[in-house]
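The same chain A turns up in both complexes below, where it pairs with chain B and then with chain C.
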Partner chain A sequence: MRRPQTARYGVVVAAAAALLTLLAVVLTTSENPVATVSTFLVGPWANRYALGNYLSRAALLALTGAGVVVAFRAGVFNLGGEGQVYLAALITTTVLTGGRGGSTGAVPMVVPAVLLAVIAAGSVAGASGWLRHRTGADELITSFLISSALIPIVDYLIVGPLRDRAGSLLATELIPETARLARLLAPSVLSTGALWSLLLLPALWFFLTWTLFGYELRIVGYNHELARYAGIRVGLYTTIPMALSGALHGLAGAALVLGVHHRSILGFSGGLGWNGIAVALIARNNPVWVLPAALFFAWLESGARAAVLQNQTTWELGSLIQAVVFLFVTAQLIRGRKR
Partner chain B sequence: MISQILQGAALLTIVAMGGLIAERSGVLNIGLEGLITVGAFAAVLLDAAGLPTSMAIVGAAAAGLLPMAIFVLVSIRYRANPFIVGLAINLLAAGTAPLLSEIAFETRGSIRIGAEPVPVGMVVFTAILATVLARVFLYGTATGIRLRIAGEQPDWLTLNRLSPDRYRALGLLASGVLAALAGALLVFRIGAYLPNISAGRGWIALVVLYLGYRRPGGIALAGLFFAAMEALAVRAQAVIGLPPTVLLALPYLLTLIAFVTYSALRKER
Partner chain C sequence: MSAAVIAAESVCRRYDRIPALDGVSLSINSGEVHGLIGENGAGKSTSVRILAGIEAPDSGIVRGDTSRVAVVSQNPKLAPSIPVWQSLITGEEPRIGPLLDRRHAIAGVEEIAARFSIDVDVRRPAARLNQTEQRLAALLSALLGNPAVILLDEPTVGLAPVDRKRILQTVRALRDGGTGVLYVSHDLREMAEIADRVTVLVAGRSTVTRTRPFVTEQLVTDLFPDGTDGIPSVAEPAKTDDDAPIASFEELTVRDPLGGRALGPLSLELAAGRITAVVGVRESGLDLLESYLTGEFELSSGAVRVRGRRLSARLDPGDLRSRGVAIIPSDRILRAAALDGTVTENAIVADRTRIHPRGIRAREGERSLTGRLLERFGIREGHHLPLGALSGGTIQKLILARELDTSPELCIITEPSAGLDLRSIERLYADLRSLAAGGAAVLLLSSHVDSILPVADAIIALYDGRISGRYGATGKADITRAITGLVDGEFERTADDLSREHRS
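Up next, the complex of A and B:
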């Protein structure tokens, strides 16, 4: 089987390995391991501020995770989430700040801004699906490459032409206050954007389970040849799920700007794409499990950040945990089951 | 400038030759980028431990076996997706190197080595040797031919009671040694270890692999061509004032073009 499938025990092993990595890194780098581990474990729930930030992160990860699931279910794999989120975030910001000229945008511009961002991210991902169909080039690789090429270009736009010269931050101008989403748990960054995930996940589940399109999509993902013999237009179900996946990543990018940062900052969407993949794999590609998986992964992430910010451990903790999850999450740990 | 091009071409060729052996056995090794870092870091460690240059290079190349053993175990024995595992190897290398650097050298920045830099000629010689050996191995030995069959007709091997997995493991381990060797040579060439020393070379090696039409000789030529283009691009950037960040997108764009073209041509055949 070529497609990444999460085996039943892979998830458990990956989660256990992630916790073990955490302990190993903390024990070798921290001067006070007990305090560090407790910061890590309870950090995300310590107070209103931490809790809100944690939930906001989980909601964003649920969006990108859902994006990965849509593609997975059709048997395609979107590995370009990082670039798609980043691109969509920059587009949202640019439309709402009117480029360099100052704040021309306001409330009526919010919907077009989000739409444009979602369409752009969707087309970038859809292009990989289309290339897969037309040339046979693996969408796993092309989506990754396109995204990796987009990131330095967006970086350049943020620190170059679109940078806010007044501030010292490597960031664009702020979007107008009227365009921002309402905050829910002040002073944290949790906003009504988190509700997007709560609305979209059931919709995605319904779409995949109860509509003809979702049914045919799952057949294509289950068996390409079978779908072709059944007269399903396989090319359509390669391109559209990729585009939908990109669109969901784009939505996450828009939510990141409208709800959390109100501007684009250099590298600020980093990790949402990769960790969305981890969330989808942990959820075993089931939309119902995306939210719990996102809550779990955001907890690992927020805990690591809390420990790092208190100078108790190293910056690499996050990427090491991510690496270990990737290493084990697609492993089929029951022996004897050949492809 | 000539020696710069030759050095770049030689390093790319060595990494791509490793990628080739793995790719021909049926697994694309995405972890090359991380393996270069592993080899480079192992080289400074061994140099700091007082080993002579030649021993340090050999030891650093062997250090590439460690991450690849994990790769083989997880992706072949436990059937994990090789692409995801390759990404995990890259992340592991990127996360572990600064951590170990902090512990061993108390710095996250660049580390100078004590030994004299090796001459360019030696790097070029290693690349030519790797090309010739890869050619002889893949086309002239039973093991090499079976390794290629593992990539193209694995069922044939199974029918003859041979395990394709064994040849894939061999291909992956070989790619680890060669990529780590390139990392070690790089360190001994510039006389220091720098953070992010691989700088996209692992990805460009994949371009070179497809650009060279998956053949040892072709890869050596493609490596030379690519290094020359890169030198030109750096010159051009200085002349027309292209922002350097945009230049970072170039390796990925070129890989994309090479990969899509290769796939399209293969589909037509």
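Up next, the complex of A and C:
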């Protein structure tokens, strides 16, 4: 009964530390501290464009954050989110651009494209869970390694065979307009893809707290020995949560293409996987807190971007603040685990 | 009388508005063993945490230097794969320049071990130590800081008599060396043997402190000021001598893949309506039997049948459950509980499919089941607390209640009385008797003859992996002789003789 209290307190400390770091760095480096701070804090809400981009980013982070939460509640860790998002994004693009050249048959292909992307990302992550159960190979390591191997392959496909020769970007062709998700706050990139998170998070919460599957998953996460003793199939609850985690990352990759960029660009999904872990940590692996955590983290990211674009500070400030949040939240997590 | 090294005065502590301590005063002098007794949930563990300065009291004061107080926990944390001495010196490593001075480190640890006659091989990895040795290692770890006071929280729970002696011996050596010892236990006879003074906790309040010599009857009255009523008595079970036993072990042998010890051949029958106990020191094969029954070790030869159906050589706990077999392992906290989960989450684990009709959670069923389990042993805790916030004894009770509630056909309990106070033991025995009276078979595996004598109908003594005697619910002296190897037993006899004897 003591831990949850310190836990909530810990998140507040992390947020406060992040803001203090921001103020300290800005006051010592910026020529116009007041403007920088206000750009940082208010930037994400300054206009339709900034607000839409901010919400779009938060929605994507909520999806990957939810992915990390599912695995973590079962006591496994999906460290391969980066590769899973990237892979799913490329698959979505490839299916919808019909491979090389030509943009044939768009609309009926959207659902299969997303499904294929989600299944691929889910299988990649699920394989790590299965390996963990079968061979004891640490899923933390295998998911990271598989993901690290996937990234350069996807890189190669984007700059090589699938590159749009007509453009100067290191990117694939654009998907047909009919396949794109509707924009909500033009000219920003916010699209109906953001609604996916709003639908999925309550579903995830229900699944984890109200179903037998969710209950057994939690018991496996608490204590493998107890699960085995109670006759719960530990292997199932190691593989399926990892696969679900991968699937949610895959969905984020699909949303990134369908709603935001409409193509795959070299390295364009970078950070969604890692920052999803940060979001899950801030949310303390509780689906209810994933959305607020994603909004907070996206706010930090967008604020930093806004301040940078106005030449008031450096990119490092954004990374620094994220690092402080990460450090505090993780330290809290480790302290909470030690008893 | 020497001065108190540490003392608590009128200390109170609440969790979630439920008072855990409600006026506790006690003091520990140097060179004394101060006993602390009380039922589960009376506040013993909380008192320890407050005296050690781990928690601050809500009101009242702690006098003395808490930095010179060391706590020895029941479940020590040692890195399993590295030698024990390396775990122990962490933070205080002797060095030569930047390097670890291995020779001095080991010598230092061994010197203190020798001074207090702690008999543990600190060069072995912790994973290779048995439960007693791990506790001794934890004690050693506490002593390395040269504490003025040492707090022992039920150090002998679940240990065999031989191993209890080892621990008690060390406690005496500590006292004679001038260390103050707080000794928490609910074993009154052990208390009378070791303590110089005893403080009694009743419902979070320290009621009285007695000094040597103790009258055990007096302590019982102190512990139960309202008398021991309220404990339901159950009529003697109808002993149905059913022809087909519920379960039978046929020349079962189990080998320890690491240590080379073996159990068996062991043959016994578990009949409906009967409570059978297998007693022996844990290393006599009791631990191997448990390892097989909980699915850790494979059966080397022989067979176990439940309702005539032969079980596989490696048991699957889930499969056993579906056949109506409940097993409570000796390490309940590690293997049968989720400390991070809530009380409710832990309570419903055996009955989870019924709590989730069509896969969806039913709040009402969940609440009534949890309430029923808590009520069985009179636990007052909230349903939504994390289990880890409860005292060890309370967790034990919840686990027992959970398994008994499944109304098993065959109920196997290892170390049935471990961690329970007198009232709960009585309650457990009453429940086991009514379970048996209802037609179930009960098998108890225990390293304490005393603890199973009041309840067992048949007692089987183990020594060195073999059956060394079979008894009715009688003579303790004979049984004690049998498990310490003073009886020839069934060593040279054949399995045929055994089963013939058993039938007669």
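Quick note on the criterion: the second predicted complex is superposed on the first by the 315 of 339 C-alpha atoms of A that agree within 3 Å, B and C clash if a C-alpha of one lies under 4 Å from a C-alpha of the other, contacts with A are read in each partner's own complex, and residues count from 1 in each chain.
Just so it is clear, contacts are C-beta pairs under 8 Å (C-beta built on N, C-alpha and C of every residue); 3 or more make two chains touch, one makes a residue touch a chain.
These figures come from a predicted structure and were not determined experimentally.
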Partner chain(s) touched by A:Gln322 [first = chain B, second = chain C, both, neither]: first
First (chain B), second (chain C), both or neither touched by A:Glu216: second
Which superposed partner A:Thr314 touches (first chain B, second chain C, both, neither): first
Which of chain B and chain C A:Ala88 touches, first, second, both or neither: neither
Partner chain in contact with A:Leu150 - chain B first, chain C second, else both or neither: first
Partner chain in contact with A:Glu225 - chain B first, chain C second, else both or neither: second
Touching partner for A:Val25 - first (chain B), second (chain C), both, neither: first
Chain touching more of chain A, residue-wise (chain B, chain C): B
Which superposed partner A:Ala283 touches (first chain B, second chain C, both, neither): neither
Partner chain(s) touched by A:Leu63 [first = chain B, second = chain C, both, neither]: neither
Footprint overlap on chain A, where chain B in one structure and chain C in the other make contact: 1, 3, 339
Interfacial residue positions of chain B with respect to chain A in the complex: 28, 70, 74, 78-81, 83-85, 87-89, 91-92, 94-96, 98-99, 102-103, 203, 243, 245-250, 252-253, 255-256, 259-260, 262-264, 266-267
Chain A residues within the chain C interface of the complex: 1-3, 209-213, 215-216, 218-219, 222-223, 225-226, 228-233, 339
Residue numbers on chain A that touch chain B, as the complex places them: 1, 3-4, 10, 25, 28-29, 79, 131, 134-138, 140-142, 145-146, 148-153, 155-156, 159-160, 277, 281, 314-316, 319-320, 322-324, 326-333, 337, 339
Interfacial residue positions of chain C with respect to chain A in the complex: 15-16, 294-295, 316-319, 321-322, 329, 334-341, 345, 348-350, 352-353, 356, 359-361, 385-386, 388-389
